[in-house]
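These are the structures, in structure tokens.
You will see subunit A twice below: alongside subunit B first, and alongside subunit C after that.
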Partner chain A sequence: MIEIRLHGRGGQGAVTASRIIAAAAFEDGRYSQAIPMYGTERRGAPLTAYVRIDNVRVRERELVHTPDYSICFDEFISMNQIIANSLKPGGVVLANTKFKAEELPLAGDIKIATVDATGIALKHLGRPITNTAILGAFAKICPEISMKGVEKAIYKYFPGRIGDMNIAAARASYEQVSELVPAINKEAPKEVVEIVSGGYGALKDVSGWRVFEPVVDEEKCIGCKNCWIYCPEAALEWTANNKPAMISRSCKGCGVCANECPVKAIEMKRVEVKKK
Partner chain B sequence: MSERMTRPQIPLEEGVITPGSTCQGCGAAMAARLTFKVMGPNVIRHGIPCCPDQSSKSPSTGSVFEGGGPCLTGTARALKALGRTDIKAIAFFGDGGTYDIGFGGLMSAAQRNENVFVVTKDNEAYMNTGGQHSGGSPKYAETTTDAVGPNSRGSPVHKINAAFAFAAMNIPYIATASVAFPEDLMAKVKYAKDIEGFRILLIQSPCPVGWRYDPAKTIEVARSGVQSGIWPLYEIENGSSFKLNYKPKELKPITEYLKPQARFRHMTETEVNEIQVYTTAKWEKYLKADELKQIVF
Partner chain C sequence: MVDYEVMVGNKACAVACKLARVKVAAAFPITPQTSITEYLSELYASGEMPGFEFVNAEGELSAQIIVQAAARVGARSFTCTAGPGLQFMHHPMNDTASGRTPLVMAVVHRGLKSMQPDHSDLMDQSWLGWVHLYVENAQEILDTTIMGYKIGEDARVRLPVAVGYDGYVLSYTAEPVEIPPQDMIDNWLPPYKPPRSLFYDSPEAPIGRGGGDRGGGDPNMAWKIHHGAVEAAESVIKEVTADWAKLTGRSYGNGMIQEYKTEGAEVILTAMGTVAGSASAAVDKLWKDGKKVGLVKIRSFVPFPRKDFQELAGKYSAIGVFDRSIQPGMGGPSYREIKNSLFDTGSYPVVAGFVGGLSGKEVTVNDFVKLGEKTLEFAKAKKADAHPIWV
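What follows is the complex of A and B.
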């Protein structure tokens, strides 16, 4: 039996991906099981899902505690040790990141493969929904799943034109995924903010939720306060010189400010993930 | 009736702790932020099971769905017994807690004319649990319990006109507001805050996940809802005096409101026309009431 753990954020389709993997294994004539794990997750909050694949009927019903494979759908969570924790010795991590496998700050007896799934998703789907974009890569590094099965399963969940777009994304990631490399680091760097909760109350930090962030062009800005009043999270501070400034820990990257700016002085730019 | 508010009059200080745990582009989070900006610190907030919008800096208490009205009544009477007229009992409920499950409790609180202020963030379904049909769901909207298929075309019934249901109780103040018109919303909260008796404010707050549109378009969707007459902004005082706060010369076609939302994607032209006729007929009634400055029963 192989067990898979998926790390993602609400809205990236980690739960759908777990179903697609299970369906793909089923299409290949095997038994499978997909388990979503929900808390009070909303779109943007970190969550996990699990998959089991076996040649005989899967009788277990509990969560996966020591997976063989760990897949991460989010660029920020990919920089965090939680995706490599409690893997079986020699387990495989597939991370969505622009960095090379050797550069990731992950430690342990693991092998790492990387793919820039967010880039692929933006190119093929126009939206940062990375689930199908990473499944192609997974079909390549995991001998238990075939690309044919994944394509069949994607069509089952997204029939028609949307299915074609998703399959194009899956094929692109199948081509672009890196080789498996053993992790170099012996010890993982310490976390500054806990990724799962991101703190509570006044300490809450949602800076990892956003794929795009607002960049204000102060030359163009006319100081109308539209962006400030329409921001759901009060993430734009009104500064002394009558211009807005982003509060990094509050912004979720919804894009309302850029959409409501009458002079288009705010641009949503893709966030650069930096190494710690 | 509320007095006009301008952008520079909006207080810079926040009444809520941000960021909350809502989805990106949440309309309810905007509604909470704007409401508690004006309410100030001297309030006791009441909640019922609904989406976790912004937590306010004031003390808050929670109850069950049906318990919204009774719980508010208890707080209001306790405050009166203590002689603390400076503290207000305010509710921040969802549409499920106002339009259907909590309706009974709120209705009897309205009948007794308790000294409470109810604010409803209306996202037109039970969005917290995955988008089931509520009394707020408009006709033809696809929800997880109103499937679209050969035998079902989404929600089979029109949205409850809750404002007029409460108006029939002759309560001191009823108003509707939209997150796309923050000055109007805050002026209404400011006015309703100090009235004695039962007052209710219904805020339409779009939900990007349940209504299925791009989170960046939250305000755009809310604004087109008001401009097309789907969600008119008005105030009713003492169950009869009526004032329409936003009167465009000409209504926008409702397709502008329906189109960005994937929950209406299945609608045929006949169905869109039906909603257009329904909306225009209602709008005419509102215009007439505004002319007479009162509702004629």
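What follows is the complex of A and C.
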């Protein structure tokens, strides 16, 4: 039996990806199981999902605690040791990042492959939904599933034109994924960074959830407060000069403000992920 | 043609409704049940459920009354809920059973102290005289939902059937499911025919609440008839499960319980629902280490497999019972029922009452390995620790 752990955020399609992997394995003639770890999740919240692939019907119904593979759909989470923790010795991490595998600050007896799935998703789907954009890469590095199986499974979840777009994204990641490289640091750092902030935005720091963030053009802004009214996280404060400003810890980058602005004074700008 | 699909537990439930040609469903959304109704809507929208009516109820209480009324006039009916939603249904559920109204309700377990699963929600309803079946995986949801109609609509039973399965770890977990062909199910499960008369003077009439009419003025009579109907369900569950195995090749023990590697075992563990899957993997590990521990999965809680446990009693030196719920101050429900069943047999294996997995607490394969080893120790010592043994 092989076990896979998926790290993503609500909205990136990690749960759907887990089901596509399970369906792909089944298309290849194996048994499978995809378990999502749900709480009261919402768009942007970090979440995990798990997949098991076996030659017999999977009976175990617990979460995966020592995976063979770890796949990360999010550029920010990819910089965090949690995606490499508790893997089996020699386990494999596949991370969505612009960085090269040898540049990722991950440690342990693991091998790392990277692919710029966000870039691929934006190119092929026009949105940072990275699930299918990373599955092709996974089919390349994981001998347990085939690209053919992945394509068949994607069509089951996304028939027609949307399926074609997603398969194009998967094929691009199949081509672009890096070689597997052993992690440079063998010892994992002792400190664990808490990135799984549950609860609600007003109480928790969700700044790490953003793929895009709102930038206000104060010249264009007419001070109508539409953005402030519609912000689902109360993440905009009103400045002395009657203009909105992002409260960094509360904004999850959903883009509702930019969408509601009647004069298009808010631009959603891609957040650059930097190495620590 | 037999079809396969990798689907989540809640979809398996919706597909079973389609195959059973359910005519009326009513429900109110509550996590982790909601997606059953979404899948029903999808099936209806794609034209796969002609003649199906879904009633968007304003609450669970209304949902139960709607399906109860629909079933009374002959529509095969379905509802589904979870946790506190089930508690809100409690009152009309009583009349569904008393009125001898067969329907199937999926209870997607959500515990009473958190959103995560345990069996406290359905256990809470065990006085109402429904048939309560607990299932382990997505395939068993599909199979048992269809079987539920055959069991509940049988003239000897004519009762509503609750099919309980764990939220999240099963409702949202995707796994391969075999979908039987529609014509096969159509032949096996003919359209539902309600009794000719809904009035109390008919021999096949509902029991009603007072029951005075049918008991010659005896107020006990309604309960007596109801008790008899639930007891009669045992043999019907066994027949229908055997019949299903012939039809599909998939067998669930005798329907009441399902044994796994019990032959030659020294002791047995019992489990209900999803944890039985992990428990069976644990049993494999135990046998590999030379530890002879079998597993009995309890499928039917109401009626309770009393006779089965009476037969098992003499064969094993200890029974390690795992309950995923506890009635505060009273203990684990299946632990109590098993002990109760054994008293008259004259053979007294050691019975250990484990309680765990509450409010979604994970119960792992390794946990069950330990429970198996503990049960072997209890057998050796001829005495178990006091109930409950928290896991």
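A few comments on the model shown:
The definition used in the following text is that the second predicted complex is superposed on the first by the 261 of 276 C-alpha atoms of A that agree within 3 Å, B and C clash if a C-alpha of one lies under 4 Å from a C-alpha of the other, contacts with A are read in each partner's own complex, and residues count from 1 in each chain.
Going forward, contacts are C-beta pairs under 8 Å (C-beta built on N, C-alpha and C of every residue); 3 or more make two chains touch, one makes a residue touch a chain.
Remember, it's a predicted structure, so these values are computed and weren't measured experimentally.
After superposition onto subunit A, the modelled positions of subunit B and subunit C overlap sterically.
Judged by the touch definition given at the top, the superposed model places A:18 against subunit C, while subunit B stays out of reach.
With both structures placed on the common chain, the touch criterion links A:80 to neither subunit B nor subunit C.
Applying the stated contact rule after C-alpha superposition, one finds that A:61 touches subunit C and leaves subunit B untouched. Once chain A of one complex is fitted onto chain A of the other, the partner contacts of A:31 are limited to subunit C, with no touch recorded for subunit B.
For subunit A, the partner with contacts to more residues, out of subunit B and subunit C, is B. Look at A:173: by the touch rule set out above, it reaches neither subunit B nor subunit C. Within the superposed three-chain model, A:238 lies in touch with subunit B and out of touch with subunit C [touch as defined at top].
The superposed model shows subunit C running into subunit B at a single listed stretch; among 42-50, 60-68, 96-104 or 276-284 it is 42-50.
With the contact threshold set out at the top, residues 40 of subunit A are in contact with subunit B in one structure and with subunit C in the other.
On subunit C, the positions that touch subunit A within their shared complex are 4-6, 8, 32, 115, 137, 168-170, 172-176, 274-275, 277-278, 280-281, 362-365. Taken in their complex, subunit A has these residues touching subunit B: 10-11, 40, 42-45, 201-202, 204, 206, 209-210, 224-225, 229-235, 238, 249-256, 258-260, 268. Looking at the complex, you find that subunit B touches subunit A at residues 7, 10, 12, 14, 16-27, 29-30, 33-34, 51-52, 54-55, 179, 182, 208-209, 214-220.
Per the touch definition, subunit A reaches subunit C in the complex via residues 15, 18-19, 22-23, 26, 31-36, 38-40, 57-63, 65, 153, 156.
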